[in-house]
């Protein structure tokens, strides 16, 4: 399949590599040049612009940081929309706002192309191992045509609807649930610490005996050991996703007081200069507010 | 071992039964009489008052609904404290406030007795199967002496400290974490439902692929299917435990904004008349606030 | 002074009328035509486009509903920016986001024009009576030149800084404070009502004896009498301003948990279909959550 | 009138002094002795116990710090209840929980005495000047008999119902409204400060032009100038009153998310060691969370 791939960050590069390994004919575009060198042989053709890339692709895959990055790539004279052919499928795998997904779906439709949303759960190591979980939404026929791409990238694809925005809602709602678990542990650990209880022991009880989730185990261990660097997923990106959840709630008139609370804890962490620590480091806000630590202590 | 057991509710009766089966000599006391008939042979001696029971026990086990019920049993002319002998251990397994645990520990000490806190994780079916997880705190020697009791009741005991209140803090912090997961799912499900996404499908994604916890699976299924009766754990009891968490936070100067938010959602559920549905039914507050359902619909 | 005035809604029409009365030479533009007929004699010239209007104005005044409306008027081939002359001052009086103010300030600067932000406190009746309070920010010389406009529109102008966004921050922070008072009363009234206390009597105590504010008196009376229609200021617009406050906080890393809470209460009101009642009607969310009223009762 | 007065703190001493000046025959009791020396001539008889005081009073006035202090004075062998005569009125002016008010009302009734709740709005200087506002609830005949006391202490009395707890609900709801105003200003000031706007200028706009309340003026000035010592009303006492409001809400199934948020901000302030600064100092929590100040800076 002739695939155009836009966005060679940590996630995108790993995913594009898997498409190369699956023998797809890949053209890539990345705002910062030179990243294509990291692809396995035989590598990919490098397009000069997103427009050029779009002009010659059956499927365009985008994997970008946020709404802004995706818009910068799609719109404008050199943007992908300007080169888009009738019949092309845009498989948009970034975590973006449901609102932008709706807008882009309409833009593609007017050009005779199809927009499919397919955000993923999984970190760069899962992307590398083709072990992502893919959440897809869009016209059924288009999703069908994308199966070879999904097969090369993930361990499974769940279709949640025919409207692309639905996949984005699932993704941001999912990250909201993870952030809830992190902040709940942050508060609980602050409480038990102030009563002289070892947070690791508490985690052992609550996760091994009750919740039994690898997510709680991983984040709980980071919080119990206060080990927030290097970041697996940066706090600033966690905040971005909470903003998307709140925006989705706002647009559909769904009050999300818990998401708001998480958002505010993340903003407080930003104000302390912790943008680039792991998002589980938001737990430090709870610890500091309980007087457990000096605020200006460098997180580590 | 001569054990006095106070509190033959659903949990207590199951636990007392296991002590009988383990061949301990049991004396029981329950405010409402007649419950001892539910014990397996050879059954137990029934004390007329908590005071009588206390006078003849090596270990007193209490398993009561809340602070008030425990206080009613301990204090007063017929209360257990009035009959307490030097050297007796009070194994307090109810979910009560850390503050009351501290007060009772002091009361026992002045009488030459020992107070050990050992709240449990697990529902009546786990109690029946002797599969509880026990969280213990108190003087090490006293905990040591209670091991035969723990062996008869649970599948494991974790000691979290030498101050009894610590076990109660762990228990209420643990239930707070469970309530957080419930309310997070409640909000997330309201969001996805309003975007036309099947909540069961969403749960499949977020739990089977990401969180992978039996707790999320169980509560998530109840929420997705709106199946809140009969209650496994009543909403009013969930609220009680959140109050205990907030009280523990208040006493130790630990702000718990997430626990406060959960508390307020539970209070809102109480105001709608949902005190006796399962605590996962608090998710209906999120659904109703999003305009998804009429508030006066009977939960089912 | 040759003034171009864009936006003849309830506020804008009243303000433009005062400029006519002050003998300024007015050109007006409104997306919906025909509104200029409501101006006092000698009336105003009507421009066909915002661009035309801009080409012939010393000062352009904009008074529009929100960011979107202002952007639609400024950008594009017929937008005001396309017609803007060097030396023109754009006096932007709408309640918009600080972020858009910054962006527009930069756009004007590159065209040799000057952007001054001057949002107002006051309702249409205050606009009519030239009794607005104007909060201005921008280059001092430009503000100086706008004094004749301020004199014709308000009873006073307070300059808060040289960066236009600052005036918008003051405005949204001010509306946030008003919304806080409303929601605080909503909760307090729900509490006293449930204890059988007359909310009007409570208001008498708390405002006449303690707070002594006309704002509390007005909104408190609306809440106590549940009289939310017709709207003085629509709930949907209150929500818009809370969004702007949160956005301003987000951009400057200022967590605003109280603003988040207000936002969520307003979103909940939107979900019940109360977008067009007075913003003090958000108090019904507190009443309904306390079980005081059926959610589907039509507010009145 | 033969009045027994219990509680000679700053408020109580000023109030008792006014009763002396109004020629009432006063007997006083205070846990810490010696305070009666501060009364004006001819002074008061000093009772050895609350029981003795109660035995010889037509009206007992209590003005104590909290539920605990009042309970310590009422119950026990030397408590006021033990000495209470049939027909005596207990005028309870402390800010206590509605729950305790209900309990005490019942205790008095069984003894043929009457409990009237009459908490006050006003600080020690208002108490000194007999300018308190008194909120009364209880049997109408008993309130009638207390009018001479009210006349000597305040500038007005508002009766809110016949059930004593109602007056306490009004009082804690009133303090909740004041705390809301403080925290709203704290957030708003943090926001404007981070945008480089002078908080005093902001206060001038929002209060002088819009809210126009002496409460906002006073607290706003303290916050703008960060002048939190000496305390007019200690932060720890503000927290106490928020706890009472939440407890009242909890008992009547009224969710109070705004009160919860305020509570958590106050708890956070306690954790930073700010228990004894003025309650307006809770605004520093917002400032610190926005990264505006080091947390360990001594408030001044």
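Think of it as A, B, C and D in the order they're written, each chain with its own count starting at 1.
One rule holds in what follows: a contact is a pair of C-beta atoms (placed from the backbone, for glycine too) under 8 Å apart; a residue touches a chain by one contact, two chains touch by 3 or more.
Predicted model, so just to flag it, every value in this text is computed and none were measured.
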{"item": "Longest centre-to-centre distance from subunit A, chain (CA-based)", "value": "D"}
{"item": "CA centroid of subunit B to CA centroid of subunit D, Å", "value": "36"}
{"item": "Centre-of-Cα separation between subunit C and subunit B, whole angstrom", "value": "51"}
{"item": "Interface hub residues of subunit D, defined as touching at least two other chains", "value": "249, 253-257, 261, 265, 268, 271, 289-291"}
{"item": "Touch-based graph of the chains, sorted into line, ring, star, complete or other", "value": "complete"}
{"item": "Of subunit C, residues touching subunit B in the complex", "value": "257, 268, 271-273, 285, 288-291, 294-296"}
{"item": "Subunit B - residues contacting subunit D, complex", "value": "243, 249-250, 253-257, 260-261, 263-265, 267-268, 270-271"}
{"item": "Touching residues on subunit C, where the partner in the complex is subunit D", "value": "98, 121, 133, 135, 156, 158, 160-161, 163, 165-166, 169-170, 173-174, 176-178, 180-181, 183-185, 187-188, 190-192, 194-198, 201-202, 204-206, 209-216, 245, 248-249, 252-259, 261, 265, 286, 289-291"}
